[in-house]
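By written order: A, B, C and D. Residues from 1 in each chain.
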């Protein structure tokens, strides 16, 4: 399966940025999970460009759920969400046809699809395809919430601006759900927005590191080796456009530590083993241990910049230069936070369904 | 599938450290690939403890291929390799039964398997299980080599010791195949060994960052989104015990760059697009672009240390302390390098087989 | 994966009969395959009710391909087809809510989905869901045709009416493509229609046996054991509503033969092995041998009949009687023929892509 | 995955008839299931040749479970069973190298594996490979039994000899477990053995139809369309060598009935819906309905016969004749009964695990 992710609860993604519609199918979810379209819209809004730090393209993300929901709840049958593409300026892309925009997939799409690809607006590679993923992620989050599982993602670092660390997870998650900008500290959020505008003023772009946490995940979930929690989550996270690194717990920093520091000691607390530190990110041997699952995702700067770039015309096999115009985001990391939430929720929903059965969620007995 | 990885060419892993044997099945490989048992042994030797920096446990890795090879070549039918477990000191593990060795999977195995797990020597979670993976990886490397695809892994950093960067890939790969210690620079290798011994002298352990490169991968391989090269490789890499971070190209460093720096400009060279820099690690939009595929893997320090540690007795639900004895490696990062090679080779073999068909490799027409 | 079928080229199905739309996604197909909407419409027409032997429900099957096709050819990205549901008479189904229509999935849907299912018109179990499968099957047939692979299905037996046997496959396939009724012999077709009308006059229904053949399949495709040609095809065929039996070659009749009769002797013909008989249906040991692949599919009579039936009200746990009204087909076997073609084409497309690579089909090099 | 079957609980098969060993891995099973090696041996014995109606090849099926079992119970980690190959007379097969034994996979193996296959004794296609499947099936049956699920298979018809129909399922299942020959009626069993000997006396072979039933399967299991109970079971059954037809309930006979007869009416019995007839074999819309699941499997006559046969020498591309000698069974249908039980048990174990979670079985909470 190529554009499908998951085993018991799976997602299949389709659509090209300038085609008729994009969408995704969620297959295998339990029946009886409430589907709240307002909650979905709210989550999509966190993904959409807004204000001065976003593009001018209006993406209204008018989604329609065409199957799998009846009387406001999942039926248990496949749920398909469709998002029509609007406000397409396709003609602009004709100018660049055959040019490999650096950092984008134009050349690799050609190398894979031999010129038959729909190249307009990035085609099937467009970041727009994350909108249906967020829609389905919202449904997954609702299912997880009913089981006391919550999660959230903030920007730990944008270029050189650092956010504060997690405080009280629940309070931080709640704040992130309604924040204009996914940083925990207001001052850092302002500085980050400034950094984005500064880059934009130079026709450039910035990236950042997202930091996520999951609370309430039952212990004992995941598999040793190939379907470990880290394997499955990283598989999902690296499928998000522009992601170039993933680490769990203290991640790369663990590589410089001694074992005596990297190990998390255990103690009993109210009859449950709790670790004093959580450098391993809530996962041991690929299996969840009941502690918060923590990880970071590196998002590279948006490839579309307005400076002139050297490239090739791959249709004619010669060097060329490229100066983009049009509507491009100077940063996507703040938009990607909710996509990380969505992919995390979908992955955990699948792992939990495999472990505890389909009816662990939803309205069934 | 839980302990199976891959779609067209898949690996299924089995075995517990102190059971009768461990092994793995390689299913779906092309017929007619030469299977060189000496090459396999050489690769396994790079995984085995040796000298003062290793444990005292003698792992002879006497492997037997019990199916799938005939007249020295793969038959195309499933290939099973078995490695009997020897030199087991099981009684030692009885002392620690029920204690959660920090950083290990003792507790999570119990949380997942409810006490029915074979806990001796780490059971199914033991790093020993990487031996059959390396065996199959050797077969995969041979198949890739026939198509001009080569790869290698060195320790970029061990605790605070840094190796030099890649020079000429082919020469570096060749050196790594026969090196005692997987570092490119002799002085760095000595310093790294010293660091391992220093930690061992304190009853402690160290970790490191592995750096890998793949040459000769055809462009256009991989899928957008869910089965991207990064998703598939990270899935495989995070399944290796002790891995806690994976990044491609410049990885996390990209998050601090401007787009104008992070983007790789293109130019034509001998009729082929070549990028001037390779910060994206040879992958755009999840698809290989023909440039070397580069990535780093963070390996945490070996959890088994000789200092006293605080933990819990999870069978009795109370706090406890733990002082390990026996035979434990003060570092595993130097042994993990060849495991990274193996998992990379197996992943690429699968992606290429899906793309070009089973007979892209091997002796068939 | 639950509502997904296939590995390299996969189909994901969604939709409920009285929901907004039904559809399916074809994922993994090669780029550059011509998509002929007229050919698709023609194939859909063979599935739709027509004339006196069909229902009165007008299913216009206005399909829309919303992704995966650009400039008239597949892009290689996932192809989604949508078919809006029209002419729904939902209120009728309220009368029967909670009644288990014998032979249908009302009760089992409730047992599986705990009452959250969309029960109207059969919901996700409706035979209408075969329309998107036929649409994708048409695309698959086009791809297969470019490789010289053709197939066809006729009604071998409807109740007691028997069609003639295959004559010249190519001529028979061509005739079936445009026939009003999928039988090779005109007289048999008339008798079959009469049998359908006779049953309808009694408020009853009939079934039949479909017989299929595939020409031009390369030898050596399929896997021993679990992914044999028979395993994969039967898996696909039994997913068609109302199918209750599948046999290959002489099928169940082989069980009464001696081996000397059941075996197909071989001889060379123009440098290629050809079997003198084809009782094994073109498959040996699960692998295609180059001879036509032949099989039969048993389709039970349409469960919806107008006679009174004994049943239960499963919502209230008591006995009940049921007298259906409305629009129901007295037979579906003649409509199922093209669905068998579609599922066969999709299965073979997947097996061939796994074996020969994605670009075996389509416009790529 | 090619030689792997299942999703949550999967089986991977390996081995060639004259290689070092054959075996299989059961991956994903719950921990805490008792593994009774005597029960496994008893089930294997029903598969092995015995007495005058079997071959002279002694297959001792000395199996060894090398992983996944500890203290007599499954650990939850992958369970690998190995069966060494003994009593191999490989030299005999050299005589026939390159000859396509009619009804066997010699030619198709060559067409698939290009001559690299291990052809001796049928290689990876040998019926011997069903021994590890039966071993794992025994473990699955034990798990199912703890949940009150039982099943059995008898020969409904051997050539022209008919067995009686099912009486009391439980009593019949118990009798089949210990019977010398899998027929319910003693007289029929004798007649069947006579028929086998009569065929053997003529250097020929016979086939038969196996009939199976499953009791106690919970309702609501399976998926509509692609992973229906029928799709999954037929996929498993057709993977058994020599199987050429599968039908559920009244199967092909339904195709000649009217709907009023084919439909199963419902009534309440002790608060549970029960069908008055069971022509649909316990499955509606692909989902189990709580009634016994019934199906038949057609097994063709053993291809290896002693009469002279016309064939080709595919290595040299010319016609040839073949007269087999050696040790060949005149019938395998009586041996296949227990293989059908095994594959059925493994399939249901997977469907139930997907539906109710891994710990639905075994010793976990």
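Keep in mind that, in the parts below, a residue touches a chain if its C-beta (ideal position, glycine included) is under 8 Å from a C-beta of that chain, and two chains touch if they have at least 3 such contacts.
Being a predicted model, the structure only gives us computed values, none of them experimental.
Trainee: Taking contacts as defined above, which has more of them, B-C or B-D?
Mentor: So, comparing the two chain pairs, more contacts are at B-D.
Trainee: Of all the other chains, whose mean CA position lies farthest from chain C?
Mentor: So the farthest one, by centre of C-alpha atoms, is B.
Trainee: Go ahead and note the Å separation of the Cα centroids belonging to chain B and chain C.
Mentor: About 45 Å, centre to centre.
Trainee: In whole angstrom, what separates the CA-based centres of chain C and chain D?
Mentor: Chain centroid spacing, chain C to chain D, equals 27 Å.
Trainee: For chain B and chain D, what's the span in angstrom between their mean Cα positions?
Mentor: 38
Trainee: Taking each residue of chain B in turn, which ones touch at least two of the other chains?
Mentor: Residues 1-4, 7-8, 13, 77, 112-113, 124, 224, 354, 359 of chain B each touch two or more of the other chains.
Trainee: State the interface residues of chain A toward chain B in the complex, per the touch definition above.
Mentor: 1-5, 7, 11, 13, 100, 102-105, 107-109, 111-113, 124-125, 129, 157, 159-160, 199, 202, 204-209, 219-228, 230-232, 234-236, 238-239, 241, 243-252, 254-260, 262-268, 271, 273, 275-276, 280-281, 283-290, 296, 298-305, 307, 309-312, 314, 317-319, 333, 354
Trainee: Which residues of chain A touch chain D once you look at their complex with the stated criterion?
Mentor: 7-8, 77, 224, 354-360
Trainee: Residue numbers of chain C touching chain A in their complex, please.
Mentor: 1-4, 6-8, 10, 12-16, 19-23, 25, 27-28, 31-32, 64-68, 70-71, 73-80, 82, 112-114, 116-118, 123-124, 359, 362-365
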